[in-house]
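Both complexes below contain subunit A, partnered by subunit B and then by subunit C.
Then we have the complex of A and B:
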């Protein structure tokens, strides 16, 4: 592959150089967008990338847009966002690793059906299911004991819905990673004396950790940024997450203070940026597909 | 431990991988399962290991049926073709994983891993990961992992086929030496007849899921019971030609490829009266240099100590081993003799030996 670490030390030849040039040019608009977000969040107004005062002169730097950080409701939304995203990571992680393993390894009746059904379900947009899911959530909310945590207008309920929507991707992804783990390794563990579960837990699972890590990051990000599902199934700020909070900001302040929106948007971006910086190598794994150092 | 297979059968849907194999393996014996790929040898091994459940038939360890025992309860150690080491564990952890599962304490585990690793000559590599080892070292770890739990039977699934030729020779003799010293009943699956004949006490030749022959290497070589065994065991492979055996001047000759080969009594007697048979002549039993037959050399393959030459005798070719000092070149005309006391005869229909069938 062009530009991998393996050839890093060599002088970059012309081919990759052209590639880098194309890449560089194509990311410029995105970088400009982020630059605007940063500048706008600290200024009264902007013209292009230049911060201006209300009457159009250059300058006008301010911290006012960030005043929301002293308001408690943004932290409530942040907490909800975190809970939803982490709940999704845990839920999707557990179901995908167990289910992906079963689909990859065990021949059971209906295996093909499950595989194609999950793919088919993934083709439907979540919007189409909104009303149906509403009734499901209401019914769940009526169940004793657990109903308080997974029903309509609860963080758990929203997370549950998003987990199920994320599962087709998770199952297929993990199945692919499990497919790449050699049967012999698992057989060796069984012969060494492991039970099927222990062989899965101690031998097979460590081989798919890069896949699980990548899936976790993707799931976290999609949970963190989720808007439609949290917006639909929550009422009021008590259980709404950051994107919904952001939306309310746009709707309620009149006229919209875009610079404040930029500040909240940036605030919401910070953990994602951190995640990407920490995990980018693991994320690349998902495309190169598979474990390193395996036999 | 004594192993018995009784009408052992494995089918996958419509296809039959193993069809009614009967086999006895004595305590401490080294048996090779030999055959081309897809002959059912690995499937049989997997059933003995407990990975596959037999469709029908029985597997007995020391007289007890073990069909329903899980792999971990069978006391087997196995070495895989791919080594199947655990990539996320160190060499020491790989070797001692079975002890960990048994609840052996950490210190003892480390000590046992060290002992086994020393035995395998990899004692200095205990803290490396498998990816940091060469193929030969990985192979030794795999053998060590199989040995550490003191198994009742050792199973090898083509363990040397991923190694280069020189290393294969070394490992071959090491495994053989180790097996002899420890006296553990062993089954060794291979498609390489040289590996089988050099290592095994007895060889089970398999073909199409069936047991084709089961005998010691010498027996398979000298008295092959079927045409398949004759062609598969022995290197370079036996010449197989169509022949007629007819009486001539009070004796018998085999007519083939336009030549007549006089036969000794014990070879001709079972064959007399048959219009056409398959005759097998090993390359090492064709003596090039002088003799009543002649032909033109079409191909010379130097094997080091000898040359493998293809001789065109007019209506077909025979492969022979010739002394290198003869300096044979392509297009040379050579004379040769055939050691007819060693020729084999097979029924062209049943492919069974007419001499030993």
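Then we have the complex of A and C:
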């Protein structure tokens, strides 16, 4: 606008600047939320975003909020979170690589039905089935032998429910990855007399490993973060995971000790942020390939 | 190719067996955690099963739960809340802001656009308990609340904004998670518009707003429709963030939505006991809506194109 910059020039440069401004403003709440978490977890109190001492003067930096790391109360929940998340990774991985292969590459009657069912399930949200699943889990818990591991109020039971909820996305994504594998090698293997299972295991599976890895990271994150299902289907601290532990910590004292709660929250975020930084592009792709929508 | 064309009955049978083998684990889970629960929700909704009588045989009471549901004094309020919540969040964030973000991040340099999209993905991958905690602290009364601290210099009376404007925070909390889904889908749709189509329009004199309205939006109308229908369903059935943020309060049913009512009646101890039958009636209405929605997808998203026949055997 100033000096020699012509009208044409102005037109080109103003658009992006407004774009940056809108985008910059839009992320403020996200950045403020994270800033609070970080500041609060290392200070005695906070006033807005300002760290303060107990009597409200600025300052008050401390590591005391992290004492839960040494007193060990958090490790049971961490272990349960890890077991649930890894259980989900293994479960979703096995079931969707098997099923996704069948719907991508085997011609059989009813294939179209199975495919539309997968799509249908993607749209069909499981949150509304929680009441009935409660009864299914109790029935599973009453079965002999395995009941102790997969029933109501067990880590296995919670993991099993979450595997099922993740399954439509997993099947759909793996089908997509299998669709992109060339047919030639598999055809050669089958003509040489390999069974379908061997062809899957030795020829096709290695070629979808990058896709499976991305799905696994995605599944781990959703298992690690899960709140509603562990909260609904576990009783007491023995089987609860980190989010439920944190939720109980918030309600435990009144007023809540927000600074300690923030530290536990940040502790829980560490692996998630690690994956996020390492695998940004892959994660973005998964979110667009699948139809997983929180809200 | 001879071996491929030959399709003897034995081969066909073996192939069928293989398909069954590969699909069995998935099918077992689908039956146990989708099919049976869907039917069971219907059955439960016809009983008066609750934690008071669950040791006795199930007592079928016909459509009484549904009569009670529609006659509930708070039914109009809950229905209104649900519609308000779903369509305002959908319009402003899950589709509206998602589209704005996708248009903006694709019109600035690639790396910068990617950076902003990654920031917007953060709420989605943050554990819900931690994420809601951030919003609670932003809204809180002085001296803790961040919003009060930032708005104070502008002369705004300090309040606990979660109590003053609960809907604002319910919608913000859900919207900041919801927007990233549409953003990602729209971005990949926008990026797949051929460059020369845009260039040609530019040469013809189309600029800025006209380019968006007459070119870009019509070209991504399928993704738009998909995100709109999919997210309607998501918003209608998910209640986790509301449960954590307000539990349907403050006060009586202020931010209570349909799915949350179902959950609280059946699985919360909110009303003294777990009314599984009554909660299931609320839930089954959603199951029916969900089923109708999923049929809609299969119909409108040109499903047959997705079903390519496998090339071998």
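The rule we apply is simple: the second predicted complex is superposed on the first by the 233 of 295 C-alpha atoms of A that agree within 3 Å, B and C clash if a C-alpha of one lies under 4 Å from a C-alpha of the other, contacts with A are read in each partner's own complex, and residues count from 1 in each chain.
Simple rule for what comes next: contacts are C-beta pairs under 8 Å (C-beta built on N, C-alpha and C of every residue); 3 or more make two chains touch, one makes a residue touch a chain.
Bear in mind the structure is a predicted one, so any value in this text is a computation, not a measurement.
In the superposed model, A:232 makes contact with subunit C only, not with subunit B.
Using the contact criterion defined above for the overlaid structures, shared-chain residue A:99 touches subunit C, although it does not reach subunit B. Of the two partner chains, subunit B and subunit C are each touched by A:187.
By the touch criterion defined above, A:59 lies against neither subunit B nor subunit C after alignment on the C-alpha atoms of chain A. Legend: residue contacts after superposition of the two complexes on their common chain; A:274 is shown touching neither subunit B nor subunit C. In the superposition on chain A, the chain among subunit B and subunit C reaching more residues of subunit A is C. Of the two partner chains placed by superposition, only subunit B is touched by A:198; subunit C is not.
By the document's definition of touching, of the two partners only subunit B reaches A:206; subunit C does not.
On subunit A, the patch touched by subunit B and the patch touched by subunit C overlap at residues 187, 190-191, 195, 291-295. By the touch rule above, subunit B contacts subunit A in their complex via residues 46, 49-51, 70-72, 76-78, 80-88, 97-98, 101-102, 129-131, 138, 145, 149.
Taken in their complex, subunit A has these residues touching subunit C: 11, 15-16, 19-20, 22-23, 26-27, 29-34, 36-37, 40, 46-50, 56, 94-96, 98-99, 101-109, 111-112, 114-117, 119-136, 140, 160-161, 163-165, 167, 171, 179, 183, 186-187, 190-191, 195-197, 200, 221, 224-225, 227-228, 232, 242-243, 246-247, 250, 258, 261-262, 265, 268-269, 272, 276, 280, 283-284, 287-288, 291-295. Residues of subunit A touching subunit B in their complex: 182, 184-185, 187-195, 198, 203, 206-207, 291-295.
By the touch criterion given at the top, residues 3-4, 14-16, 18-19, 21-23, 25-26, 29-30, 32-34, 36-38, 40-41, 44, 89, 94, 97, 100-101, 104-105, 107-108, 112, 114, 116-131, 133-135, 137-138, 143-146, 148-150, 172, 174, 176-178, 180-181, 184-185, 187-188, 207-208, 230-231, 233-241, 243-244, 259, 262-263, 266-267, 276, 279-280, 283, 286-287, 290-291, 293-295, 297-298, 303, 306-313 of subunit C touch subunit A in their complex.
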